[in-house]
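Labels run A, B, C and D following the written order; every chain starts at residue 1.
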Amino acid sequence: MSLPRINLNPPFNITRCSHVCLEVRDIAASRLFYEQVIGLVVTAEEDGVLYLRGIEEACHHSLVLREVKGETKCSRIGMRVLTEEDLDKAYAYFSDKGCTAEWANVAYQGRTLDVTDVNGIPLQFCARMPIEPRQITSFHNHRGGAALRIDHYQILVPDLPKALNSYMELGFWLTEYVGIDDESVRAVFLQRKGNPHDIVLFNGDGPRIHHFAYMTTETQNLLRACDVAGELGFGRQVERGPGRHGPGHALFVYFRDPDGHRVELFNTHYQVMDLENEPIRWDPHDPAVAFPWGLPARKRWFEEATEFRDVEVRETPIRPTPMTLERYLQD
Amino acid sequence: MSLPRINLNPPFNITRCSHVCLEVRDIAASRLFYEQVIGLVVTAEEDGVLYLRGIEEACHHSLVLREVKGETKCSRIGMRVLTEEDLDKAYAYFSDKGCTAEWANVAYQGRTLDVTDVNGIPLQFCARMPIEPRQITSFHNHRGGAALRIDHYQILVPDLPKALNSYMELGFWLTEYVGIDDESVRAVFLQRKGNPHDIVLFNGDGPRIHHFAYMTTETQNLLRACDVAGELGFGRQVERGPGRHGPGHALFVYFRDPDGHRVELFNTHYQVMDLENEPIRWDPHDPAVAFPWGLPARKRWFEEATEFRDVEVRETPIRPTPMTLERYLQD
Amino acid sequence: MSLPRINLNPPFNITRCSHVCLEVRDIAASRLFYEQVIGLVVTAEEDGVLYLRGIEEACHHSLVLREVKGETKCSRIGMRVLTEEDLDKAYAYFSDKGCTAEWANVAYQGRTLDVTDVNGIPLQFCARMPIEPRQITSFHNHRGGAALRIDHYQILVPDLPKALNSYMELGFWLTEYVGIDDESVRAVFLQRKGNPHDIVLFNGDGPRIHHFAYMTTETQNLLRACDVAGELGFGRQVERGPGRHGPGHALFVYFRDPDGHRVELFNTHYQVMDLENEPIRWDPHDPAVAFPWGLPARKRWFEEATEFRDVEVRETPIRPTPMTLERYLQD
Amino acid sequence: MSLPRINLNPPFNITRCSHVCLEVRDIAASRLFYEQVIGLVVTAEEDGVLYLRGIEEACHHSLVLREVKGETKCSRIGMRVLTEEDLDKAYAYFSDKGCTAEWANVAYQGRTLDVTDVNGIPLQFCARMPIEPRQITSFHNHRGGAALRIDHYQILVPDLPKALNSYMELGFWLTEYVGIDDESVRAVFLQRKGNPHDIVLFNGDGPRIHHFAYMTTETQNLLRACDVAGELGFGRQVERGPGRHGPGHALFVYFRDPDGHRVELFNTHYQVMDLENEPIRWDPHDPAVAFPWGLPARKRWFEEATEFRDVEVRETPIRPTPMTLERYLQD
């Protein structure tokens, strides 16, 4: 495939990655984890649903946790559009594509559109949420990683070229990608909000959500999140890091929450809003891509991910063999 | 005045604050200051002009220093537009307004439009610059404050309502403002790129540029910039801070460069891209606005600013009496 | 005077600065300040007395606050000796000098000796306290500045040569001093524990305690203490800093507690345990001594201090004119 | 064995861990690593010997690197004694014990005593070094981890009870130890300078030096050391961490230098100078001891160490089976 160009006239205006809806088995355990380790703020808890946001977020929620019995999956990932009119355009766009597109009644959101996109990913769009006071200067209440805001999610898809094209059509910018050449792309970083990513797509059995990411700014906060995790009994759930990413250049740490959902805490990165910025290619054979220093990720970091509720997982025909920690230690 | 609404259909698409062009007397002294204290990277130096950028910036320059004899002023402040077509629209827009709008031949920029806006502010627009490698991961070359990128500039204007309206017409969002009520606004924070400010306008004799600001992320970097300043003979030029802003919530420190131009180094802030986010009002009588802790700014911080080359400074009819350090110490 | 030499055979073995006993008007207000801003941990509160310690301290207390009516003073400053035998030697030593030396019954301390030294400073010596668990890894309970441990106190004395000699006789090492030459010393830094200071003596009306200091390690913690102070209504009590010391080289910030007692939070410094390390002299006329960057301290920082309970303040015959913020702003 | 008590009347006065003497194959490669990654300062380089010190150290060197052909070992580890008289006492003490004790002529040190102790460890004692200016405030020259000073070394010994007793006799304090009970101690932390360790002894084939450690203070510095390592081609030599220690409570990262010598960079720790502080026991079966969060150390971290020049390595009869990363990943 050749890399698609930025679509400067998308069918409607997506502004940013907005929220993630997860199922959990024990809402109290999840609350402890997200409040104390990641440092999110609880906006509301009612009817077995917990709404959280980062300490700078004025929107009502960027993480929604719903208590269920049995297996816990991801119900939807949310995106913001700029105006109510954009919602109507989105409805028309996806309906025309033959995708499921339905108006939904969702608490603490404006008019909401649920869509299953051509990749089978369950999306949710809205243009408004109730406003909450930002907690940036509520310093004495900051906890753990003091996560500022949701930044992006990473999705595994079995047909990456198709998924890439579908998001480029929506006006996403391709900022970075992993591939030996343009024909064998394994991962793409796509953005609308002016930094490296709102949605990251990796080749893999899917669609499944690999992780979602909150941003913090100080190195010390990343380590404090780990330390609080260790102190509160979540020490084994520090799955990978702290380390430095190749693509995106951020310091990161990956946690598994009490249900095994993966959440990343990472620090700042760059701005990308100029059309002359060509996508940056990363060679998957270069170890500095995956681990500029230290050790590579465990096998399960590559393989395990959260399924979407009521979405069938299809196998990918492409099976790369990444350098896992297990393989690395045998060399 | 009543606060103007966001214009969702601006005449052309400004994406962000882009660059500042300053005159300096001694380019070597300025280079030492901006490289070692602020932590900028030199892209090029030729014909008595020095081009610098932040460690994450891929654009050729965000600061241009030209050596001159005599008085040193600011020649222009730059903004990015998205496309070449936006430049043509900008030309038409400003010409229609009766503003000076001229195509300029500027090194290391794409097609460039110089404009003097209705407020007398000398602007420069372009849609492209040559690409340079980002230096984010050139860790062992990071210096002083390790400034990431230019974020905004603050301009003093004698007629604030007029200036505010002119920028709102261009599609800027008003994020925060200082005023007893909507009728007596003293300062406005305006943005295009999705965080609190690209351009800040304060009531004052002008137009003059009060400061321009680079962003860094770690508290330690702000302090290291101060420490390197002290070590290299710029200790007296740490004019204000480190301190915490009310509006914008950032940690900051203000320096005066070797020519007395004021540059701010500050840390992270919030994202603002949702239409439901109403502008935040700050009461100028509340000391927590100007100094949530510690001491207020010196009188000269309020009064001194850099003039624009060949632009007449007009007096403002409104003379607020801010709480200066000098007054505060007499209480 | 010529600088006295280190006494390698002191009459008894003082190991470190240990604790400070202060009077306060409102123990709840003081508790809020020391817990949330400075980040101390409460060990016990009983009978109107609050015992606090730093997050790494295993000793029962390093700060004792007793609620009183009326004027609030400092009752005593404490030092540790190594063994019980050292206490007996101390008793004999001070009695021989004609100083008041009395065994005292003090809660949560081993056998305790109260002494008024030749300078009129009310000291307290003990060799033991009950052990408390260190809170270093109780990360989710760390607050504000997350102060690690008490480090030193600074005392104003009217006869500095006499005071210096009396502490050198006790085996203190002189690490740094401020003076035009050895004959006109204004300040001395004295230590037993292997870093720059356990007790600092400045020329001034006294004896009075100018401040006591807790150590923290991360730059971010110093700023968080300021931010929490601002948030909780103590913003005006950030009296000086954040700034960088000349002598000792530490980053610092000075707070006034709810009773006006001054407490410093500062970061790391160097180790000094080798006899070849000559005392370092600082020229009081060099501005880099008092403020390597930024602004000098306010007049009241130089002049105001806490009196000792039942100790008469004598005027110093020497009146230096330090560069105060007030004078500096008039230049 | 029962734990020995502190000897308050040691035969001579050791004050602190002082320096490490290593052999290296390529002094330029080692210099790059220690200057840029660890952040040491070069004091002198002559005759194929490089002398380095931490940025706060006033002593001439804390690390001595000598270029050799072939295998690179550790020649000696150094300790400071307080006075010249202590050197004579040390000579007498070790001679009486039947240990090799010889006066040596060592560049940039005062009178120097080389000893092979009862454990076969090659020690070096001196009371003086030439003074160099501390570089704490030479901020613009700080690099990588900005290591402040040498803190301790860790030695593998085949007979731990014997080694422990021999160091306790010298007046070391036992601060922490790892053991199921007092009869099966695997590791001991011993100190003279008032913080957790000057010398750490682990059970293992030896004597060998497992690592030596430099202290830094800011979390950001630890990560910058890793980042610079990655950038300069030492990324694979980040062997373990960043992580949090159980014993000692410090944040750490372990590097292998170009010759495979292991060096630790770690942050703050606590003060221990009070006799009531009982040694802290850590249960080796508790994973929080070795890794409060994240992953355990690799097998080679447990097994590989630097031999001492001309010292035979003896096998330990005790073979614990620590939780290695390799075993952990198989569970």
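By definition in this document, a contact is a pair of C-beta atoms (placed from the backbone, for glycine too) under 8 Å apart; a residue touches a chain by one contact, two chains touch by 3 or more.
Only a predicted model underlies this, so the values are computations on that prediction, with no experimental measurement involved.
**Q** In contact with chain A and with chain B at once: which chains are those? Just list them.
**A** Touching chain A as well as chain B, we find C, D.
**Q** Over half of the contact pairs shared by residue number: find the pair among B-D, A-C or C-D that meets that against A-B.
**A** It is C-D that repeats the A-B interface.
**Q** Compared with chain B, which chain's mean CA position is the farthest off?
**A** D
**Q** Averaging only over C-alpha atoms, locate the centres of chain C and chain D and give their separation in whole Å.
**A** About 33 Å, centre to centre.
**Q** With chain centres defined as C-alpha means, what is the inter-centre distance between chain B and chain D in Å?
**A** 50
**Q** What is the distance, in whole Å, between the centres of chain A and chain D, each centre taken as the mean of its C-alpha atoms?
**A** Going by mean C-alpha positions, chain A sits 43 Å from chain D.
**Q** Note the residues in chain C that touch 2 or more other chains, in rising order.
**A** Those would be 137, 218-220, 227, 230-231, 244, 292.
**Q** If every chain is a node and each touching pair gets an edge, what shape is that graph: line, ring, star, complete or other?
**A** Contact map by chain: complete.
**Q** Quick check on the complex: what are the chain C residues that touch chain D?
**A** 8, 15-16, 56-59, 80, 82-83, 127-131, 134, 136-137, 148-149, 193-194, 217-219, 244, 249, 267-278, 292
**Q** Taking the touch rule as given, give the residues of chain D at its contact with chain A in the complex, in rising order.
**A** Within the complex, chain D contacts chain A at residues 218-220, 223, 226-227, 229-231, 234-236, 238, 241-242, 244, 251, 287-288, 291-295, 298, 325-326, 329.
**Q** Once bound in the complex, which stretches of chain C touch chain A?
**A** 36, 137-140, 143-144, 218, 220, 224, 227-228, 230-232
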